[in-house]
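Before I ask anything, let me first share the structure, which is written out below as structure tokens.
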Amino acid sequence: MDALAITLQYVFTGVAIGSIYAMVGLGFNIIYNCTGIINFAQGEFVMLGGMFMVTLTTVWKLPVGIAFPIAVLLVVLVGIGFERIAIHPLKNPSVLVLIMITIAGSILIKGLAMFAWGKEARYLPHFSGETPINIMGATILPQTLWVLASLLTVVVGLAYFFNRTLIGKAMRACAHNPDAARLVGISVKQMVTLSFGLSSGIGAIAGVVITPIILMDYQRGAMLALKGFGAAILGGLGSAPGAVLAGLLIGILESLGAGYISSHYKDAIALIVLLGVLFVRPGGLLGSADVQRLKKF
Amino acid sequence: MKKVLILTTILCLMLSGLGFAAEPAGEPIKIGAVFSVTGKASWLGEPERNTAKMIEAEVNAAGGINGRPIEVIVEDDAGVEANAVNAVKKLVTKDNVIAIVGPSVTGASLAVKPIAEEFGVPLISCAAAESIVNPVAKWVFKTPQKDSDCAIRIFEYMKSKGLTKVAIITSTDAFGDNGRKQLKAHAPQMGIEIAADETYGPADTDMTAQLTKIKASDAQAVINWSVVPAQVTVSKNMRQLGMTIPLYQSHGFGNVKYAQASGEAGEGIIFPAGRLLVVDTLADDNPQKAVLAKYKSDYESKFNDQVSTFGGHAYDALWLVINAIKEVGPDKAKIRDYVENTKGFVGTGGIFNFSPEDHCGLDKTAFEMIIVKDSKFVALSAVEKSAAQVIMIQED
Amino acid sequence: MKHYISLAFFIVVVMGLPMIVRNPYYVGTLVFVGIYSLITISLSLLLGYAGQISLGHAAFYGIGAYTSGLLATRCHLSPWIGLVCAAVVAGVLAYSIGRPVLKLRGHYLAMATLGFGEIVYIFLNSTVELTGGPSGFGQIPRFAVGAFSFKNDTRFYYLVWVTVIILLVLVLNVINSRIGRALRSIHGSETAANTMGVNTASYKMQVFVFSAAVSSIAGAYYAHYVTFVSPATFDANTSILLVTMVIIGGMSNVWGAILGALLLGTLPEYLRTFGDYDILIYGAIMLIIMMFAPEGLAGIAAAVKRKFEGTLVPRAAA
Amino acid sequence: MLEVNGLSKEFGGVIAVNDLSFRVVERQIKSIIGPNGAGKTTLFNLLTGLAPCTRGNITFLGKNICGLKPHVIAELGMSRSFQNVEIFDNMSILENVMLGRHCRTGCGVLNVALRRKRAVEEERKIREEALRQIETVGLDADPDASPASLPFGKRRLVEFARALATSPKLLLLDEPVSGLNIRETEQVAELIRRLRSSGITVMLVEHDMSVVMEISDDVLVMDYGTKIAEGKPRDVQRNEEVIARYLGQSRSNAESTKP
């Protein structure tokens, strides 16, 4: 391999890793936008998406095209159920309490998944085979293209939803000023439920497309959530393009770090850059510190 | 003031709660077990716990030991060192067990080592790292094979194939780290040059960056050393990069599901492991065959799951204790002495010969070189023998 | 005055417990509770009073354990000196990262501290020659004064809990003073606090450094108690656990911090009997507390107290 | 006592305060009026150091305070209230006011942690002074209660008491009577006069013209960040530009909001 091909391979690897982070990071934004909280159970939604997909395709023998939407739907139901049971009944909860509830929820979902799918990693076949695609001497797996395509679809879909549809606009209004939204007749509580449904759906899509690459086990969610959280923060909370940009950036940094500096410190390198960016831009790459200042937390 | 009253009440209630399982005046002989039944290494603790419970039922069904039933008290440490410390203390001081099997993972085993010494209770760890028994601690033993022997077996095999330059890639957990240390320690004396030394996080999802670096080096083979599912990713990433040099794994690959998940990329992976994985392809005269076949069929029929070497470590540890109790009775010191002087014990991990200097009891012959063929584990010797036969037939 | 009676009562209970509870397992469990309490008390000062979240305190905990442990095993320094060094190292580190980090707010602050914790974790994992890497290192000596070694659990219990009591006294004094008010004012509104003459940046820094140093001391205790350390003990999960303890306990209450450490420190021990189901019960307990008692255990205690008084008053009247 | 010269503030291209100059003399009540968005609150933020000024300088008691941190300015003797009342709901009423004494007291961490005699003594004085200020503003509420449940008017009084507890020489009040009923408004106006007679200089931003005209010694009218008039209330009231740009409309506003 010549130097160029090697560099290109690092970039491809970074994109492959980063697209996973971005995919997970996207899910954080919707709930954040609507409620101002970080949903620590987001990683569990991703895990559930993958696990349902494994069951549907390997046990029920459904084709990918049918199993995919069913898996996503099931996770959406879990997400909405979680919100209805644990968050909906609360009156005026503080941000920290909500975050704690999502942490507790993540422990519960993790425990249930352990009973449902066992403790070992589960495997899902790649959607379009494992023959790598060769570009100028560097390779990328077809499954990574699936991840990137889902990423693009979700970002475009979200942009359309928030800017063009009435519900999407209502949701943004809630995020901006819940009291004012309430005054014009938007049910903030329903919007919160919806945001959980949407977030869990996006998490599930992420879980479905990344499981063939990473293998899924019941405790995968936490690690994915941490990386996704990093992407969401670096991009600027609430910004979908930011999360994608930041996710890819973190992935590429890790990959280049492993390739050119040291694989022992690759995660540290990415984190140091993340911290550096936050020190210069306290609201993330595409976020605004002024808007952030207005948030409750 | 009242706040504190309430505080203390809660405190007292909690403490009294701790003692709710008052110790029953006991017929059964109690053996403790500390496994990572939940948490990061729960896929290790699960087969270990199952195995222990299976043996408990088996021994008791056969009338126990000298008429007394055994009771295996399994504690979960969730892979957390502080929990393991508490669990061992509980087993020793509250349950009054006479020996402890486990913990499952290296870190927890090292953390409880001083406690076993302090309380004088025999402890047989199911974790791999050699540092558990080196330096030797009076009361601490372990059943998994030695890391160093694993490294030596891989190097020996490499040399037999004329390969001298190797890239190592290890996970950044205690298992991978110990492997890395052993590989680096034994390479020079075996005449092996380490051409690349890469690591990855146990939860990492992609190792193509590290492998690209290895590909660009002049390594003739890759050794991956970890127990996590990422082992599968390594083989897949190698295939993605079109790397054709052989991949060797450590004994951490001892779960056939990994071979299955690797698919085509897993074909031809060679690694040293206990013979449990290849019991079907072992020669009938192998001294371990009977033990292995029984454990495999018992386990697989009872739990409807494939057997792994990890459960085997618990199997060996618990039987060592049970055998000792049968011989010398339920006495901690006598059990310890008995285990230390056990010779020729046929377990799933190999044939154990303990001594005051060696609390592992296994040597490199405990390992069988295993190859992945059609997503199954096959003894390399069997493959090579049949290949040789084919050649001989052709020559005829 | 009132909290002095409470404190005296607490001291009597804590000091008297080992006379009743002699089993090393119970005492050992309480030693861990004590170690956690040191961190949660200092963290409640940071989180509950000054309103600054940190998801990186396991790093300071780990730095304490490693600094003191390494000095004792490699340099054969007395653990007491190691303890002081640990506090200083963590304090200096907290000071050096505090300036940029504490400018961040909310989730960004959470991420920055989380990232810092991960960097320290990676460092402990990767510098194999220095720290022993992921396998950690053992044979750390215990604390001793002359020939008196804190070798058994009861002795260590006293060492840890006396430290907790000292910390508690100091912290209670601080929170009921002008400095305590200044910290709470930062939580209330940083702008208003500033214009009322509170140097918010400086107080945030002071309390951050203080909590880092205390966590580091807790880490040193851990190292010399367990006598073995490995990085896995000091990962992000531990940071999250510590913050959870503070919030479950009731975050703007130091007594709550101790309650939180007590509950989550002993809960895994209660749940031993439930086997695999422990993870579900653990999650459910957390969820229920947060849903029905957002003020945490201290909030429950206060509500019980009110109820208690409510039933007492009419009876007295009758 | 306060001298502002050529003060400007830009927020990313938008000019909030433009080349503003004025003076406040001791024991004066100076009102700043102007339509919404005229830059009045921004001016207060600049004076108290919450926002850095882009150009110009502010001299307070003979000292240039541009670029100083808010807590330093507070120590110099400037205190303020906020338009929408920023008091600390996580503290009791008394503690809120006691916080005001923060910059007038100096016991360090060590002193208070060890409860040295000096700290105990100081704490007692802080409490006395705080109680005195609660009395000054005429707040009748349990000082140990949380301010969260107080009606708006009383919350404002808590904020005044807290500001007074800092022993200010110059007190900035941002819309001190907005949201108050007539009786409360009178009470506050009376309080401001009393404070002036006790030696405190007061600057206020206010929309309620009756209050402004009644109590002010001097009025400064702002629009789009610039000064359009300054002088005695009577003179300002007659200023044609002011009437055209502000007073007329404001009056009708004020009348329509007060039924």
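Points worth noting:
By letter and in written order, the chains are A, B, C and D; residue numbering begins at 1 in each of them.
Convention: contacts are C-beta pairs under 8 Å (C-beta built on N, C-alpha and C of every residue); 3 or more make two chains touch, one makes a residue touch a chain.
If you're wondering where the values come from, they're calculated on a predicted model, not measured in any experiment.
Set side by side, the interfaces B-C and A-C show unequal numbers of C-beta pairs in contact, with more at B-C. Centroid distances built from C-alpha atoms place B farthest away from subunit D.
Note: centroid distance subunit A to subunit B, computed from Cα atoms, is 35 Å.
With centres defined as mean CA coordinates, subunit C is found 31 Å away from subunit A.
The distance from the centre of subunit A to the centre of subunit D, with each centre set as the mean of the Cα atoms, comes to 47 Å. Residues of subunit D in contact with at least two other chains: none. Listed for subunit B are residues 38, 40, 172, 199, each touching two or more other chains. Contacts with at least two other chains are made by residues 125-126, 276, 279 of subunit C. Residue ranges of subunit B in contact with subunit C, taken from their complex: 1-8, 10-11, 14-15, 17-19, 21, 37-38, 40, 74-76, 78-83, 85-87, 89-90, 92-94, 106-107, 110-111, 113-114, 118, 129, 131, 172-174, 176-178, 181, 199. Per the touch definition, subunit D reaches subunit C in the complex via residues 48-50, 69-71, 73-75, 79-80, 82, 86-91, 95, 98-105, 107, 109, 112-115, 119, 122-123, 126, 162-163, 166.
Listed in rising order, the residues of subunit C touching subunit D in the complex are 170-171, 173-174, 177-182, 184-185, 187-189, 191-201, 206, 252.
By the touch criterion stated above, subunit C contacts subunit A in their complex at residues 53, 100-101, 103-108, 110-112, 114-116, 118-119, 122-123, 125-126, 236-237, 240, 244, 247-248, 251, 276-277, 279-280, 282-284, 286-287, 290-291, 294.
The touching residues of subunit B, counted against subunit A in their complex, run 38-40, 42-43, 45-46, 172, 198-201, 203, 205-206, 208-210, 212-213, 215-216, 229, 232-233, 236, 239-242, 255, 257, 260-261, 263-265.
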